[in-house]
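Structures for review follow.
Look for subunit A in each of the two complexes below; its partner is subunit B in the first and subunit C in the second.
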Partner chain A sequence: MNTPADPMAEIRASFFVECEELLEALQDGLQTISDGPEDAESIHVVFRAVHSIKGGAGAFGLEALVHFAHRFENILDDVRNGRMGVDAAALKVFFQATDHLADLVAACRDETPPPQARTEELLIDLDALLGADSPEKTPAPAQISFEPTPVSLPFDLSDDLPPLPPLDAPAVQEPSATSRGFDILFTPNADLFETGSEPALLFECLAELGNLTVDCDTSKLPVLQQLSPETPMISWSLSLETTAELAEVASIFEFVEGLCTLAIMQRTAPDPEADVTPSPEQPLVAQTDLAVEDISAIAPAQKAVSTPAPKSVVRVDLDRIERLVNLVGELVINQAMLSQSLETSGLSPHSDAMNGLEEFQRLTRDIQDSVMMIRAQPVKSLFQRMARIVREASFAVGKDVRLVTEGDSTEVDKTVIERLADPLTHMIRNAVDHGLEDVATREKMGKDPQGQVRLTAAHRSGRVIIEVSDDGAGIDRAHVLKTAQAKGLIAADAMLSDPEIDNLLFLPGFSTVTEVSDLSGRGVGMDVVRTEIQSLGGRVTIHSDPGVGTRFSISLPLTLAVLDGMIVEVAGQTLVLPLNLVIETLTLAKKDVQSVRPGHPVIEVRGTFVPVIDLGLQLGYRAAATDFEGTAALLIRDEDGTRAALIIDDILDQRQVVIKGLNDGFYRAPGVAAATILGDGQIALILEPSDIMNQAFKTAGTPPPSALAPPPAEGLHP
Partner chain B sequence: MSLHILAVDDSRTMRDMIRHALTPEGFTVTTADDGMHGIEVLNGIAPDAIITDINMPRMDGFGFIDAVREQEKHRATPILVLTTEAAPELKARARKAGATGWVVKPFDPVKLIKALHMVAG
Partner chain C sequence: MTDTPEVFELLTFRLADQDYAVDIMSVREIRGWTTTTPLPHAPSHMKGVINLRGTVLPVMDLADRLGLPPRGQNDRNVIVVVTHADTMTGLLVDAVSDIITLAESDMQAPPEMATGPGTAVVRNLSLIEDRMIRILDLPAVIARPEVSAA
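What follows is the complex of A and B.
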């Protein structure tokens, strides 16, 4: 395939993209088989996936991939044809083989050396599966080598061909220009025409080899009245002068072999055995019948398939989408500027211009949603990667773990998905390694010896919630507390509530396991996970029940680009708060505000006390206010239920803002998440309310009254 | 003469490869993603030859060939089967289903073209 490199490179790239899809289908199929009763279609899907990978890999000469895929495919073929059953052990090997196949695909794509040792290991495992059923099924090496095979190999004829006599006919062996003569007798059967073959075309091909004369024998033709138009009655005798060898001449009849009476006689080598006379062979027919039975066995299953038709898709460079997203961001800002200038120009709200502007706003929002949708992807691929992590992790620590996923189709911004991989991997490993008990302990506790890790995704009030939970022992709080004290992370006499202890896990440099296992103890703590999630504009919370399990909950914005914000004024500064956290706006009266002790004002909202945080004071804009009469407050609630009333001066607006990240050149002020450009061109900071609450509780020295929802323990940061 | 080919394969890579091999040689190539899709596509075109894969979702190659041969106008349309194995058993099966010939995957473009000329002129 020495065609120009460019289109081939493109096809090659697209092959690897396709491989990703096939691997996904493969994983899915295996999962379905593992979840439910064995169903025929899943096995077919799995088989086809491996088969297609092999097919493409062969086309690009990716030997390592072909080699492994071929052996994997052989086994799956046996499963597909009912020659082998699938049990848990087999599935485990299949999953491992799938993982390895993914590695091989990656190695081929990146042109790194394939993990050969692992290939051999897995092939032994695969063979062991085969061996249990039918050891002779182990493929012969000849089958494994998978060279591009010429179309016209006269495989079928080779048995009939005599070994070429080396002394008698040296000329035959030489591809020299020696001319040979062939006499060919050809009588087609009716079958030949049924399969769409055309004698005239065969003769044309023969004619291309040399000098051909064709004689048509019509002697068997009945009189017209008795003629049955579909019963072939004609034979041909052909004479060919050519430099081509017998094999090449015979290859022209390859497709019609068995559908005709054919005799090819070479004149220059008058060896009677050289005649190839493949008449309709009895064993062949018998085989064919057998094969047909196979098909009919498969056919009903095939008919039952209701696989949705693959959606038509366009592949677009991510950069172009980025550009579009940025442009839409600019559009949002511009639109805000326009509306602001129209308002200040004193136009009536009922004027055409203002009405048009409203429509413009609506359209902008629609465009923006649509653009965001382009970047959204189901988390499925991410979850599948996690399935692999669970398999590897559980294998490494010798635990039996099942991963249950939910909400695979939940769509999240592609960038978010990519950046979630590392934190999730770490959390999953933690769950398997530290969260779940070993089998013996679980049995003693009366639990299912197979541990469970759940990975779920869902949309909740404009955010994506991803949870990793296990049904393990829960957090050993006494141990966590002791460790934190030993490491000097908290005061020796600190009195902490249970959730506060749980949150100690997020402290930098915290690791509860004394002996570092080779699995999750890689120097990455939960603090790194939290930092990573926070950099995505997300929050991670922890919930643990002793003996029942631990749940980590990640809450992320749907997109990294735009935020529904409430624009407020504090001490002359314009600030933005995420709208989804604001549950109520209040105007305070003096009597609403009480003090649990000096400097700790609370307000009563519907029967519970909520701490009051003066945003101006908290951000260092002004001194503490003493009189709250008539001031505006926002009641906010964090993902983990922490509530606070933020004192502000004024609510200016409620609108979408484009998030502009603060790069590393800026000081990372606690409580400030990012910035935005407002309609009047002014820059406003976007606040992170949970951070502000944590800061406030920290400066307050003690957590808020315990009657309130438990605060996170960030207050314990050194 | 420009031959019109319908190529049916569920693998995008294979479809691309076929298209890439045939188009520069003057063939017109139409592709379909599986047997079912192939039948739909066939309604609007009259190809000189059909190339089909065997292992496909929804409708496999054997089912596809059956369905094509059932149509009066395609009783004699040449059909080549793409197969990864040269096993005689597979060839016999393909022929039993009504295929005209076979091409071993991964295919050599030269051989594919030769096979197409062999069955379609």
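What follows is the complex of A and C.
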């Protein structure tokens, strides 16, 4: 079963992919239950998810996972059958159990030792739930201790096999008169075993319902030489004494529906002596028909709840999509080359060729958008991971925190989602640890003792905005300022505006908490968060209101593959600037440019002064220009509102460009984000204006810290 | 001649009238000079990047890297595209000369000399028709030198 042969490894891999989806469904279901009134559908979904994980895990012999999933499933089963109610405490344990299940899946996947101690801990919690929740019930169903000792079926291949002994699960003999008798004929198909189902487990579930007698029919077994181990030859006849309804009995076989020949017959009168052992030759046709009827009577109801919207989904290797994306990138470049050469060939703009080209352009763009959409994924999985972080973090610091998520169906490039996990985790932990006050303080302030962390995602003007906000105390600016001064990050007499103080949090080596808590003080500061987000082409800004809360806003490009750019020329070089940052183009006259002090030119734009950055000088292409008469400039503004005028020589074009990454071997200079290939086959660098601004203000020697770099002119004219 | 246990095929090229060689297995292609896009603030031996069929290829002025006077942009220069550790780099050289086969015994270690920008990158020396061939240690050439002015 656990021979790690190659085909097996593939199946294993797909099992773990499935597990992730199931865990997501599980999380979702629990969230639905916790948000609204208990509904049967969500409970079913939750139960099914755990059950499927268990089934798969069993097929791969992942004992630890099976062990835990089984116990978890048992409890969920009680919930499903209405034997147990779900309250907040139970939900909390369920969430923890789900987290742990995810850990176990991860441990099994990476073949690391499973966290055994935590398993035991949670099992005790789960058992406690059962104990606490069903005191009025007969103790038996609750106390069934399911030691998941694999039930070994004694195959001795002789014709007169002794009947399988009744399973040692304690029988529940309800004294009530509603006890019914069922005769069940169960013949598994080969498919049943392929899906990882296990008859013994089904029988265990049956035994839970009442008094079960199991007889195994081995008469169809051939002699050993003719035995095909893949073909199941055994059927069972079971007789069950229970108070349960037919539907309940049938529901046990819910997961093997269609994978076996099943007949469930209800005896008219309870017959405690029922030990009907149907002869193997007994014609089964009639019974099977009956069973089909029975099951189909139940099935529609269940189908209706389990699959609300069947969507057909194809799983594709990421490499293939990657290739497609690259090819489309090539296509876009080629199209640009073609249009450039057609334009230079002097064709009339109304010629067929040019019209065709236009159509081609539109199609390319459509293809590109569609391909990008393949890579896009809802941020839901990311948000779910954050839900777990909130649970763990709030538990660690003893705060009561609720996570509210919004817009989790917002789609973002897969790479972005993956790389966003770490920075977001850090920000969430920060919000719980530093952002929110403790319960006592909150009560004193007249706030809801339960803190709230909001995580939202939305599309806004071609970018994705992800916000992490809390309703805590806001940033303690006096404290931040003092810390920054104490650490020598800013001059002792520096006068900073509120947003500037907030931005101090992003300085490397900054931490407001004096004692490093094991939660957020892991050496990963907000500077790392900012760097990571910037490397994704994003920006992060802070907004804080004392007493009301803090909001971190991350703005990310929709995709990492294309960019709407403004193509400019500087000192003979072609450069690309992200179009969304350009707010205005200007032509400078000599009188427009003033100098704050030598080397610090500013221009006046409608009453405010904006620092001027000579792009050619900044990138080392040429010496500083002395005369700005008639030069073109781009007024840019980055996410935190910092503005600057970039001096350029010419604006060439405005078009979509394909981003080609520059790896570390390229001596990437600050301010250069990536490269692209232009229509003429030449490479142009894509600039990162906020980096350039930072760089420029730093080299200009202004005292404020480099990382936030408030432009000197804005300091003068707030 | 007797069959040698291990032979090396090398691509030789000229640089400022000197002969250099690299392991031919690391050479991906040889292409003519195209205008490079300079990278701001890069070390002087990084000439810039070029478009190699859709990928961005960094080009290094090998002469500058080895401490020779930098080559000017010249139509006759060629770019030897080499791969090392899955990354491609273009080496700007004067001209490609030949492909030679050398046995281990034909190569000797360079004598110990004062360290300079060009010494650590020469792995072996060999003599062919009275010309000294300097066999380059490609990883050392390509490796980003620990920048002192960081």
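The definition used in the following text is that the second predicted complex is superposed on the first by the 436 of 718 C-alpha atoms of A that agree within 3 Å, B and C clash if a C-alpha of one lies under 4 Å from a C-alpha of the other, contacts with A are read in each partner's own complex, and residues count from 1 in each chain.
As a working rule, a contact is a pair of C-beta atoms (placed from the backbone, for glycine too) under 8 Å apart; a residue touches a chain by one contact, two chains touch by 3 or more.
Only a predicted model underlies this, so the values are computations on that prediction, with no experimental measurement involved.
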Which partner chains sit in contact with A:G681 here, subunit B, subunit C, both or neither? Use first/second/both/neither. second
Which partner, subunit B or subunit C, touches the larger number of subunit A residues? B
In the superposed arrangement, does A:S370 touch subunit B (first), subunit C (second), both or neither? neither
Scan A:T243 for contacts with subunit B and subunit C and give back first, second, both or neither. neither
Which holds for A:L259: it touches subunit B only (first), subunit C only (second), both, or neither? first
Between subunit B (first) and subunit C (second), which does A:G58 come into contact with in this model arrangement: first, second, both, or neither? first
On the A-aligned overlay, A:K660 touches which partner chain: subunit B = first, subunit C = second, or both, or neither? second
Going by the contact rule set out at the top, does A:N211 touch subunit B (first), subunit C (second), both, or neither? neither
Can you list the residues of subunit A that touch subunit B in one structure and subunit C in the other? none
Interface with subunit B, subunit A side, in the complex: residues 1, 3, 7-8, 10-11, 14-15, 18, 44-45, 47-48, 51-52, 54-56, 58-59, 146, 148-153, 155-156, 193-198, 201-202, 204-205, 252, 254-255, 258-259, 284, 287-288, 291-292, 294-295, 298-299, 302, 305, 307, 309-310
With touch defined as at the start, can you tell me which subunit A residues reach subunit C in the complex? 326, 329-330, 333, 573-574, 618-621, 660-672, 675, 677, 681-685
Report the residues of subunit C in contact with subunit A in the complex, numbered from low to high. 35, 37-43, 46, 49-51, 54-56, 58, 87, 89, 142, 144
Quick one: which bits of subunit B touch subunit A in the complex? Just the residue numbers, please. 10-14, 16-17, 20, 24, 33, 36-37, 55-60, 62-63, 69, 75-79, 84, 86, 88-89, 91-93, 95-109, 111-112, 114-115, 117-121
